[in-house]
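Look at the two complexes coming up: chain A is in both, with chain B in one and chain C in the other.
Up next, the complex of A and B:
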């Protein structure tokens, strides 16, 4: 090994050049994909005249906080305190995300790891439901929710979103990777089903449910469509819908700045959740590494 | 897995039989009860809020239904019209298939490569920033996204791509990217890939974390030499469940292409160049209020995705694992 020192050096040089190229390419690609995020952030700080410049400019020239002040004015002029919308959004999103993670995980764990009669049928139904276009089921769904008397309640925003086939499928796929020996040995140690699920399955599934939390949080936090259909009273509206009403829709020029600021602010929690959950995914690896 | 406990034969006669039966029930409960209990919240909610609406929609596909009057039974008429008389639907099928066959696999492979590459970065912070950047199109709202793509594909000289092409002398007149029926579909495909890679990417990233590291050490002992072999012999086989999820996801999404096509080309698009199956469905459901016909379109779309889904599931069949 020692006598090939120069060769090794050359090789290392080659590798580091390769790494350099690799990183350059990666940075370019990521810079490209993060453009919408950059654009959104810089737009929030644009003065009104820069917002309407054509062709649109990417970066802000004279950053200002005016948009946030406009947003605050628009918000304080509404009859319902703004914190109410924030509470509604937080409440609905947290309950939906928490509920769907637990319900999907419980079900998916059973389908993947318990040999129960009929579970293959259930999985087949889940896959089929996943593939049916949601556009045509909107009206039948409305009928169901109406029949159950859930219209204009928080429940209309929560219950229908707990059992999402997509979420179930995601967790179920990760369950497949769980070694059976792990569960069997825990069972021999006297763990019952409940303990097995919470103490063995859920920690092993951390990458799965962390990813699911990101998906579920983003789609529910940004969802303005469901409350638009099911909620009629202003006090029960969630943040995205309330912001649309306050801004007067995307066409209203005077409050475009406020909309840009609002878009920016509503995106912050999603970024926080994303970063937090990615860290959890990484922790899982570190954990299993130590254990081995 | 539930283990079966062999209960030794106890007692005789009627009393013994009863006791044994009670034991079987108890055993059955012990064996299956908790499982069904765990499964029940999901299954009940799924039935009420997903399966029932789907069944109603399928029923409506055999009816004329305008959402005001009660449905009127038509039998197979909607389907007959769909395939015999509706030329635009055939265009929609052609466009959707073309889109799905290009955007689906390309987006799928690119998101896997990105996940695999990012997973090699050992610096956590760098990796997280890159992951966030790559996932950004899925986080930001559609508005931010459409402004960005307009910046590239704008049909005038200000559009970045036109600008570059003119500057380099390839063209003299700007190309109307989103109005020329030849360029609409490629543009829709590029933007869709760019926007929709996030889901698969995140799932693959999580899946890569889920592979026990010991396997790679064991592989090195067994003579796995380079990263490529590692990928083929360890990573890909171990990631079958996530790969299947990603494949089904990209089938469902690419066959359901609609939003981006409309925001690029409008509705109806020039020469129906970006008219997809879901665009057709949306047209009949929410513009013409012919819900029954729209439901028939949905059933046909479902057939396509379901058949392809079956094929994919056969390919990624994970039965041979563990």
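Up next, the complex of A and C:
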């Protein structure tokens, strides 16, 4: 008895030193990981002379808001205000995220839980599709959009993004874990499939679609490629594409400050939604864990 | 009785198909149709851009990639080499971090969030911008200056400095690429029943033994998943030279048919590698669960 007690003490001592090293290591990695973020934020507030110091200095010495003012004047010289791009981006992203969550969940729920004849090949397509970069199918997609007469509309940015194989895959994986008894008992209580989906399936799938919202929001918000192809009028460009316009391509140094400020502004929503939803995802997971 | 059950079943099936319908329409219009169209395109030559008129040219575009194009093959090999180098590094690193984060530590959520952050920044224009502006280089330069004083670096000579620089560069990339994998591994680790560890501890197993005998076999399905995810993620990365080449060929140089052809060569190769990993991995995973 005494023997084990002293052993435990020894172990504890060893652990506390280990613990110290452990936290140091983790925090060092955190510092390293957050480097680009910190650099981005500090660059947005750098005055012009500090922007061009070589080697670049990490932290800003004399923070200024000049870059943000430059950004506003740089874009107000053209006829479209900066806020218009923010609206475009927000509108398109929100519609896409909402749509893809509903469409993917409906499809994945049925494929996972209904055992319908002829739906297995759908999942085969999804798996194959995960490996394809969208660049290969981009040209024919353009033809489709062109034929539908959707070029240079918001729809061109929204419709192709709704039925994404990856999103389907994510939800379907979660659907597999849903207990069949839950659905059976609801069905016995007389719920039809539509009610079943909204009242039983969707609440159970909260972690899945929260995750999907995060991923989908981020990838659509950051996407500069789709609008580059489909959108020609300046007023319908989204934020990432507008950023490229402001930057004026590589090698243009005159507006570096404005670009840094714009980059900072673009990044804020993705970080906000991630921090907000991440807490929610964890909470839901913990809750379902307690219940199980 | 039986008949009514059958019709109910049928009604249910009908509703089920109705539920999948929007997704099927979307995928058919913007994935399947374009997919087949791009195969057709890769064997053709566009004669008129206005109506997308094309004529069949057989394997010309593919022959061009392998025989005539001096850029394609070197880029291809560079991409493959890089991917195969990063694949194990990212996964070992992610598993290591996941094990650390799975311990009962303070502010675990915060750590996990911060490690996941690059995934968010990295998926878009912002990261491209940062890399393009030399921020990554700058960050590492600064880091090097902080970690090792310049005076010492001067004594070490250029080769060692370059190695250190390379290492730092890789470390940054690995760290910024392993956010999703860390999350995958953590969820895998949390799925392992703690009773296994308790039993092993009673038998006097050390932490090291428990890692090899319990943790590793138990999360082998997650490892396989993560390996495949990493492969696809690395191969389909926008900053990837080949992906970039496909894009410039197709959209900047307007050689759509050739772009489609090299795209297909590239993805046929990815498909092959993923299949090999999947087959090999499944055998290993199966063995582990049978033991």
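What we mean here is this: the second predicted complex is superposed on the first by the 259 of 292 C-alpha atoms of A that agree within 3 Å, B and C clash if a C-alpha of one lies under 4 Å from a C-alpha of the other, contacts with A are read in each partner's own complex, and residues count from 1 in each chain.
Please note the rule applied: contacts are C-beta pairs under 8 Å (C-beta built on N, C-alpha and C of every residue); 3 or more make two chains touch, one makes a residue touch a chain.
Given the structure is predicted, the values throughout are model-derived calculations rather than measurements.
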Chain B and chain C placed together on chain A: clash or fit? clash
- Query: Who does A:136 touch here: chain B (first), chain C (second), both, or neither?
  - Reply: both
So in the superposed three-chain picture, is A:97 touching just chain B, just chain C, both, or none of them (first/second/both/neither)? neither
**Message:** Quick check on the superposed pair: does A:174 touch chain B, chain C, both, or neither? Answer first, second, both or neither.
**Reply:** first
Query = Touching A:223, do we find chain B (first), chain C (second), both, or neither?
reply = second
- [ ] Determine, under the contact definition given at the top, whether A:159 touches first (chain B), second (chain C), both, or neither.
- [x] both
After superposition on the shared chain, which partner residues are touched by A:213: those of chain B (first), chain C (second), both, or neither?
neither
Going by the contact rule set out at the top, does A:258 touch chain B (first), chain C (second), both, or neither? neither
*asked:* Which partner chains sit in contact with A:243 here, chain B, chain C, both or neither? Use first/second/both/neither.
replied: second
Residues on chain A touched by both chain B and chain C 22, 26, 29-30, 33-37, 39-40, 43, 55-56, 58, 103-104, 106-107, 109-111, 114, 116-117, 119, 122, 125, 128-133, 135-137, 139-141, 143-144, 159-160, 162-163, 165, 168, 192-194, 197, 218, 222, 250, 263, 267, 270-271, 274-275, 278-279, 282
Interface with chain C, chain A side, in the complex: residues 22-23, 25-26, 29-30, 32-37, 39-40, 43, 55-58, 103-104, 106-107, 109-111, 114, 116-117, 119, 122, 125, 128-133, 135-141, 143-144, 159-160, 162-163, 165, 168, 192-194, 197, 218-219, 221-225, 229, 240, 243-244, 247, 250, 259, 263, 266-267, 270-271, 274-275, 278-279, 282
As the complex stands, chain A meets chain B at residues 22, 26, 29-31, 33-37, 39-40, 43, 54-56, 58, 103-104, 106-107, 109-111, 113-117, 119, 122, 125-133, 135-137, 139-141, 143-145, 148, 159-160, 162-163, 165-166, 168-170, 173-174, 176-177, 179-180, 183-184, 187, 192-194, 197, 207-208, 210-211, 214-215, 218, 222, 250, 263, 267, 270-271, 274-275, 278-279, 281-282, 284-285, 288-289, 292
In the complex, chain B touches chain A at residues 1-3, 32, 34-36, 38-39, 41-46, 48-54, 56-57, 60, 67, 114, 117-118, 124, 127-128, 130-141, 143-145, 147-148, 150-151, 154, 158-159, 194, 197, 199, 202-203, 205-207, 209-210, 212-214, 238, 240-242, 244-245, 248-249, 252, 256, 278, 281-282, 285-286, 291, 294-295, 297-298, 301-302, 305-306, 309, 313, 318, 321-322
Per the touch rule, the chain C residues reaching chain A in their complex are 12-13, 15-17, 19-20, 22-27, 29-35, 37-38, 41, 52, 97, 100-101, 103, 105, 109, 111, 113-118, 120-121, 123-127, 129-130, 132, 134-136, 138-139, 141-143, 145, 171-172, 175-176, 232, 235-236, 243, 246-247, 250-251, 256, 259-260, 263-264, 267, 270-271, 274
